[in-house]
Amino acid sequence: MKAELAVVPTIEFVAVLAAAFSGFAEARKKQMDPVGVFTVAFVTAFGGGTLRDLLLDRRPFFWVQHVEYVVLILVLTLAATPLLRLARRVVPETAFVLADSIGLGFFSIAGTSVSLIAGMPFIVAAIFGVVTGVCGGLLRDVILNEVPLVLRDGKPYALASFAGCWFYLLMVQAGAPDPLALWTSAALIVAVRMIAWRAQWTIK
Amino acid sequence: MKAELAVVPTIEFVAVLAAAFSGFAEARKKQMDPVGVFTVAFVTAFGGGTLRDLLLDRRPFFWVQHVEYVVLILVLTLAATPLLRLARRVVPETAFVLADSIGLGFFSIAGTSVSLIAGMPFIVAAIFGVVTGVCGGLLRDVILNEVPLVLRDGKPYALASFAGCWFYLLMVQAGAPDPLALWTSAALIVAVRMIAWRAQWTIK
Amino acid sequence: MKAELAVVPTIEFVAVLAAAFSGFAEARKKQMDPVGVFTVAFVTAFGGGTLRDLLLDRRPFFWVQHVEYVVLILVLTLAATPLLRLARRVVPETAFVLADSIGLGFFSIAGTSVSLIAGMPFIVAAIFGVVTGVCGGLLRDVILNEVPLVLRDGKPYALASFAGCWFYLLMVQAGAPDPLALWTSAALIVAVRMIAWRAQWTIK
């Protein structure tokens, strides 16, 4: 929890916003009504962390402690269509992918850190890190009635997260101070994901 | 919990039955076998409340305390096909929609009340009310491999629930006695849902 | 928990392996990448027990206590395609169905036993037994975007589990020693499932 709270709020804000926007985009593609748009954005942003906390039997959830994020998604839902159009025109695609990568990196390492504090063995902590990082998108796809992208597109998305989580665990094991381990590993995930995106790596 | 228990058993019975019947109808449409029919009816009736209790870390579940409802759904499953046909011929559609609305109203307010007692902030209590009211149907649709109706048909189903939950919270905040707040808000949800159905409101 | 631990590790190993293999086969059919193959095998093997433990509010999960199984599935994933091809050629179909039946029998009775110890009423313990036995496959199908096979193919899969769970409960109630009740009921499930498979029983 310490690790989660220690992260600069700006990064956290970017991560939540990136996840919510990916939810907006998918929900709009599927012709959802406003209730659907809000639900899908909410699940994409908080589903991974909520599932992790359910598995760890940990309360309160992140979004219960930070209801301002819930209000933000509620407000953004009302403006989702024009906002998305504007964002697509103004923001270059690289910025979108970068925001998404920051989300992946931040959520994954926060998830691993929380699991480690809860006494999980290393491999379980790494898996819970991946769950935190990617299960928001997985639940989004299940609700939208699609085979989850993360399980079939061959892009090293979950693998980047898994590698970063292990890197974090090894740094902590080696005695590195927690903030250093956290930032290095999250940065590693962002870097791997961005390079993989540029180079169009696939592992299929 | 008090609020939940205070509700007249007849209303509760109507709510559970309405949800189970909607599950029977959907499962039959999808050609499920008896195991599927039971599962889908069960999930539609108790899925929302069970998900809420999981999120609140609250035990025992409603249906574990009232196993008579589980037995009832088990017995009804065996007679689902003839029963559905009979019900469709004898009962006017308005009665079906009314029963369903009562389910929505009762489950939503009960969910909000329970969440408030569990110490949730207002907006989270309202969201958990909606979860209790609509997630049974949402889980039913996910199992039946469809994009959940509640997220895409533009009918103010979840919105009626959300509005009613806030009305309940404001009444409680204003010092209204709990039974009054509960009955007024549930009635409000039923009324909005019935009017929206008659007038064919959509919010898309 | 005692009952679970009392089961000979070989049986447990066969049950987990059978479930994982069914996950491998389905994931490959759907053209998943390695991340998908691992996730689907993992969910098929541990999804039912994890869902039961979530509902019972019980920790740690089986697979958190036995991380060697997680490592095993991770290793098998890397060799899934050639392994599956080899297994299909070398192992007769009867052996596959038998392994799957042993999984169903073992997981179902273990789930009932655990629920009984947690103080659940008989009917709930029987339902949690079925959840433990079949929900791994159900969650696998939901993730793979299919209507769950167990709910629609008319094969007495969940029913065999349900009958066996009640048999176990009645034996325990009648004062039978736990290991006897466990082995007899699990054997009953395996027998019913194998006979139903041979005779192509359907209940639709």
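For clarity, chains are labelled A, B and C in written order, and residue numbers in each chain start from 1.
As a working rule, a residue touches a chain if its C-beta (ideal position, glycine included) is under 8 Å from a C-beta of that chain, and two chains touch if they have at least 3 such contacts.
In this text, all values refer to a predicted model and were calculated from it rather than measured experimentally.
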Superposing rotation of subunit A relative to subunit C, computed on C-alpha atoms, to nearest 5°: 120
Interface composition of copies subunit A and subunit B: same or different, split at half: different
Where subunit A and subunit B are represented by their mean Cα positions, the distance between them in whole Å: 31
Residue numbers of subunit B (touch at least two other chains): 54, 57, 142, 145
Contacting residues of subunit B [partner subunit C, same complex]: 27, 30-36, 39-40, 50, 54, 57, 59, 61, 63-64, 67, 70-71, 142-145
Residues on subunit C engaged by subunit B in the complex (per definition of touch): 54-55, 57, 120-121, 123-124, 127, 138, 142, 145-148, 150-154, 157-159, 202-204
